[in-house]
Amino acid sequence: MRPSRREPDEMRPVTLDRGVVKYAEGSCFVKFGDTHVLCTATLEERLPPWLKGQGRGWVTAEYGMLPRATHERTRREASSGKQGGRTLEIQRLIGRSLRTIVDLPALGERQITVDCDVIQADGGTRTASITGAWVALSDCLAWMRQREMIKTNPLRDQVAAISCGIYNGTPVLDLDYAEDSAAQTDANFVMTGTGGIVEIQGTAEQKPFSEEELMQLLALARKGITRLVDLQKTAVG
Amino acid sequence: MRPSRREPDEMRPVTLDRGVVKYAEGSCFVKFGDTHVLCTATLEERLPPWLKGQGRGWVTAEYGMLPRATHERTRREASSGKQGGRTLEIQRLIGRSLRTIVDLPALGERQITVDCDVIQADGGTRTASITGAWVALSDCLAWMRQREMIKTNPLRDQVAAISCGIYNGTPVLDLDYAEDSAAQTDANFVMTGTGGIVEIQGTAEQKPFSEEELMQLLALARKGITRLVDLQKTAVG
Amino acid sequence: MRPSRREPDEMRPVTLDRGVVKYAEGSCFVKFGDTHVLCTATLEERLPPWLKGQGRGWVTAEYGMLPRATHERTRREASSGKQGGRTLEIQRLIGRSLRTIVDLPALGERQITVDCDVIQADGGTRTASITGAWVALSDCLAWMRQREMIKTNPLRDQVAAISCGIYNGTPVLDLDYAEDSAAQTDANFVMTGTGGIVEIQGTAEQKPFSEEELMQLLALARKGITRLVDLQKTAVG
Amino acid sequence: MRPSRREPDEMRPVTLDRGVVKYAEGSCFVKFGDTHVLCTATLEERLPPWLKGQGRGWVTAEYGMLPRATHERTRREASSGKQGGRTLEIQRLIGRSLRTIVDLPALGERQITVDCDVIQADGGTRTASITGAWVALSDCLAWMRQREMIKTNPLRDQVAAISCGIYNGTPVLDLDYAEDSAAQTDANFVMTGTGGIVEIQGTAEQKPFSEEELMQLLALARKGITRLVDLQKTAVG
Amino acid sequence: MRPSRREPDEMRPVTLDRGVVKYAEGSCFVKFGDTHVLCTATLEERLPPWLKGQGRGWVTAEYGMLPRATHERTRREASSGKQGGRTLEIQRLIGRSLRTIVDLPALGERQITVDCDVIQADGGTRTASITGAWVALSDCLAWMRQREMIKTNPLRDQVAAISCGIYNGTPVLDLDYAEDSAAQTDANFVMTGTGGIVEIQGTAEQKPFSEEELMQLLALARKGITRLVDLQKTAVG
Amino acid sequence: MRPSRREPDEMRPVTLDRGVVKYAEGSCFVKFGDTHVLCTATLEERLPPWLKGQGRGWVTAEYGMLPRATHERTRREASSGKQGGRTLEIQRLIGRSLRTIVDLPALGERQITVDCDVIQADGGTRTASITGAWVALSDCLAWMRQREMIKTNPLRDQVAAISCGIYNGTPVLDLDYAEDSAAQTDANFVMTGTGGIVEIQGTAEQKPFSEEELMQLLALARKGITRLVDLQKTAVG
């Protein structure tokens, strides 16, 4: 039995609230159970230097965690003077995932930055971030269309993410922190609304896993992402 | 007339919500109108090296702002590699204000860190932070008393803060961002529940101000802080 | 009785020596008793990027302290890799104070940087810095007028600063380090030559102070600043 | 046809040279075609603070690239003042992969650091690093056994890594830089000598990939890793 | 007798291998006994800002050391966040030495950066770096002439370097690490192919040295550099 | 003729004023003409970690320059976040020079830090620093002997430094900035009171120099240092 008393294929309650901050062109407060992330999308009429003059835009992401989002207080990265490896790895993943479903030339020479700030962490912050970031990005693009800044919709698909793992020998969906800490294998899946795989990150925490186990995790993930994609549709619909 | 259409001595709606995050020993989500700050208090059984062995505790604060708390996106301090002068100045002020009303020897050799993270900024983030930080600190100390970690209550008084300014020639209370940007003079007042002054920071933005004007601002501040102290009492009561 | 054996309203001997370094467009070596600060004003035909093309100049300040300006050696900020919160706070105050009395459009699109470097510290380094910085700035502007770089004098007024505090229950003027360390309340006042208040920073170090005490400190400060303004006039006269 | 004119399932020539530097307790110069990485293992009788007193050791990795390992010169990370996100991500992966096959308690309270420095880069530097790191680690452990520092062999298995990708619609093995830049999908696989999966990182560079494609890449990877594991055996044999 | 059992005027075996990396416009792997340095020359069509528009080029150098180039592992400078004083001192010396023998106007408005990365260190890394850097630079200039980027040869002379020292009372040539650690005096000499002195750095490690000893070291150095210059000629010849 | 109108072997006026700051255990304000450096010696009952428990002390130095010590304002190193290569190189040289004439075991397990801060720079700041640092160090050791902290005098000799150069074809002594900028060759000599050479740093700025020229510079330096050593004796006598 899972510490969360959930069924193996049962996700935590997920909510996606839009328009939660006043200034951002798009925003979403996403909850996967006790994991809470504020996602904001910022549109800027500028590009990183290496992208200028190529007739296409850019989507990037930054990730952060409030110091007391965690059980023990984590040192503020602004105070320690640099972003840690985990932070950089996660924000690279979020940015990459979003770019897969955006038509960058259709965006024009502009940049959208999606900030994902974890207010409370209980496992799965990167997957909640990607899922909520898509909603914030979608609202930002709608904001642009309303102002006729873009003609075609640069959003080609949805993108969402979920974690799976092997806990106590059983493949389970959407690990919380207690489950994640004790899982033999931990995997994050990023998929599109049409079921394509955007990113797989599978890691053996204790002992190697088999191809069969990978397939089981993938099946669970597909189920979870189908649900998340529906929730996204409802949220922006 | 003020841009906010408020009376000169009228504050924005203020709310103080406690227990808003799962892990912190004390927390408060404070709103001064559209200024929203999450305050969390963390208890740690350790001290900065220069304080060890002196038989007293320490209270300190850190301040941060989410990148899109502001109208234009602000660069993340974790990414720029250091906390700016404004951030350091504000967090020093919050820490100093809280220490004035805490009996540090009664705390024992422990440290409480209050994190004030601005989710949305519309002027007065430092005064909202101090006002909310007191609530988070109070809850943290209650948490310790429940566990019999301390015998006497180290909290000697309340502390709250409000800004005032001279806008268009008129002294007004609790400036929002539009008013703050255009004020001739801007002042922040930190006071205790019993009416003592803990800190005054008055700055002439355009032209110097007179002693009489200072007195008018102080009278307004006293009025506002009386109201905030009542709200704090209700919140923790 | 004060440790310095001075009367409550007695300042330390103050001297303002001009032209003390060879290269700066303006300079002043200011002494408030054993507190010694070298102030130099540098004129540059450039502006920070965010100020360009607005038809006005800028005045800014930087503050530093030699490692052995203090009783115990202080770590060199260049070696620790960043300026501390106290340094940033003081240099922001100096810059703000100077800008209040300068007609920035009259300066043209140029920047004046006033460096205040503490050679020896015995309390009141920020107030000595502001008082000496005005002299260095005044000489820099005179240097520009001699070269006909500016037509009108951008200097609208004088500005000087002094600290006051409540020591052993008595309001006293111009705290030295021994007095400052033991004061219940410490306040810095920045005022113009015509008596306007530019900045007040009052801090309760041990217990809150009252409105009446604030008024007493302000009266003392006014007395001290009248004296400093006279000394500035004599110095540049 | 691949730019490298290799068959879809054909790897580049791989060599693993041991004992290539004088001081390290274990070392390996690994070549995957034109990708050349120097791996050194360093044994130290110390642990990171958070691991002390737990009766087990630690294996960690650092990754770097010489400035002119790349076609265009890359800025030296020591000069830019921090390790980039890609560097941190890769060295976390190498460390994690090695720890999966080491019995940490059997190591005793010691740390082994494997440095992987890329001398020349032509795609696949992280997979070459892991493959060579295992050889360096194995030699370091042999060095310890010779000195009777450890009784049992902490090495539970082999570990090696290879990249695969979908190039021009075809799944191919061991991408070089030209192929990697143009691949639709890029995946890195880390597996043990006994065929267990340690890590999968699959990324859609242009369009999402399907479960079937993932399976094809996994089959190719398994073939490549079988070959690498044989080469490792021969090398340390 | 020297620890290395060499005669006082006997150098270690020196080799200079060219073209050792694929991408650099010039490269040289230099060995002075067990000291191994990889030197690469990179041509870039850009200049540091302060040199633009002056009709001449620039030659600069960077120096680094792999963590396990040394007997004990040295912390990676990219990880500690800055280059140490020794690194900066050495790379300034290499750059200065190379610029002495290059006709910078003949180079055009371009920059050549020579990276010297120590793979294994056994004393004399800076002298080996300079000697190898000249070969890499020479090849880079040849590469430019082949492409008719420059008309005249900017290389006016050769430059090479060697260390000498007083070991156990005897002046000796080309110190290895064991000798260097125990030498009373350590001196580095940089000279041109035509015998001119470019740089002398003589340091008394234990007790001061005399003018006569300096002359003896200089005579030894001259002998060593004559040999190095011949080896360079053979290498590029 | 030299720009300074001095004879080739004529130094600038040199003064060494002791006891110029209130707190330091030893201090000296040294002037070489318009080059002014404040040297302070700080005694601390602590050692760098790598020196603990070896029964000997340590002498080290730090070097800094006020922003407007130079003709154009130089950016503050505390603000740019790191000490430059030139700073690190000079402070390593000062520390090394002082350690040569101190009996470190006689010092006990203590550290003396000599800070050399350039108030005004007109060439030769490193040589003025060394010469003044010796006076500050000497006073610090006298301070210790007065308090009977040490039994024997750890000062084995004097140490002083001077620059020489070839200006317009003529070897000249003690270059000022105008001469230094135009010199073909620039050399710094550090010598003891008894005439031993502690450090030579000779650099060809434009074209290589000959052995004969080196000898001429050395002879000039010896003359200058004889004079500096006399001035030091008078100063501390």
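All chains are identified by letter, namely A, B, C, D, E and F, in their written order; residue positions are counted from 1 within each chain.
Definition applied: a contact is a pair of C-beta atoms (placed from the backbone, for glycine too) under 8 Å apart; a residue touches a chain by one contact, two chains touch by 3 or more.
Labels paired with UniProt names: A, B, C, D, E, F = Ribonuclease PH.
Everything numeric here is computed off the predicted structure, so don't read it as measured data.
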Common touching chains of subunit B (Ribonuclease PH) and subunit A (Ribonuclease PH): none
Reaching subunit E (Ribonuclease PH) from subunit A (Ribonuclease PH) through chains that touch each other, fewest steps: 2
Furthest chain, CA centroid comparison against subunit A (Ribonuclease PH): F
Label of the chain whose CA centroid is most distant from the centroid of subunit B (Ribonuclease PH): E
Geometric centre distance via CA averages, subunit D (Ribonuclease PH)-subunit A (Ribonuclease PH), whole Å: 27
Distance between chain centroids, defined by C-alpha means - subunit B (Ribonuclease PH), subunit E (Ribonuclease PH) (Å): 59
Interchain centroid distance [CA atoms averaged], subunit D (Ribonuclease PH)/subunit F (Ribonuclease PH), Å: 50
Shared-contact residues (touching 2 or more other chains) in subunit C (Ribonuclease PH): 81-82
Ring order of chains, beginning at subunit D (Ribonuclease PH) and proceeding to subunit E (Ribonuclease PH): D, E, F, C, B, A
Contact footprint of subunit F (Ribonuclease PH) on subunit E (Ribonuclease PH) as seen in their complex: 82, 84-86, 88-89, 91-92, 96, 100, 157, 187, 191-192, 194, 196-204, 206-211, 214, 218
For the subunit F (Ribonuclease PH) and subunit C (Ribonuclease PH) complex, residues of the former touching the latter: 21-24, 27, 34, 38, 40, 42, 44, 62, 64, 66-71, 73, 76-79, 81-83, 87, 113, 115, 117, 119-120, 122
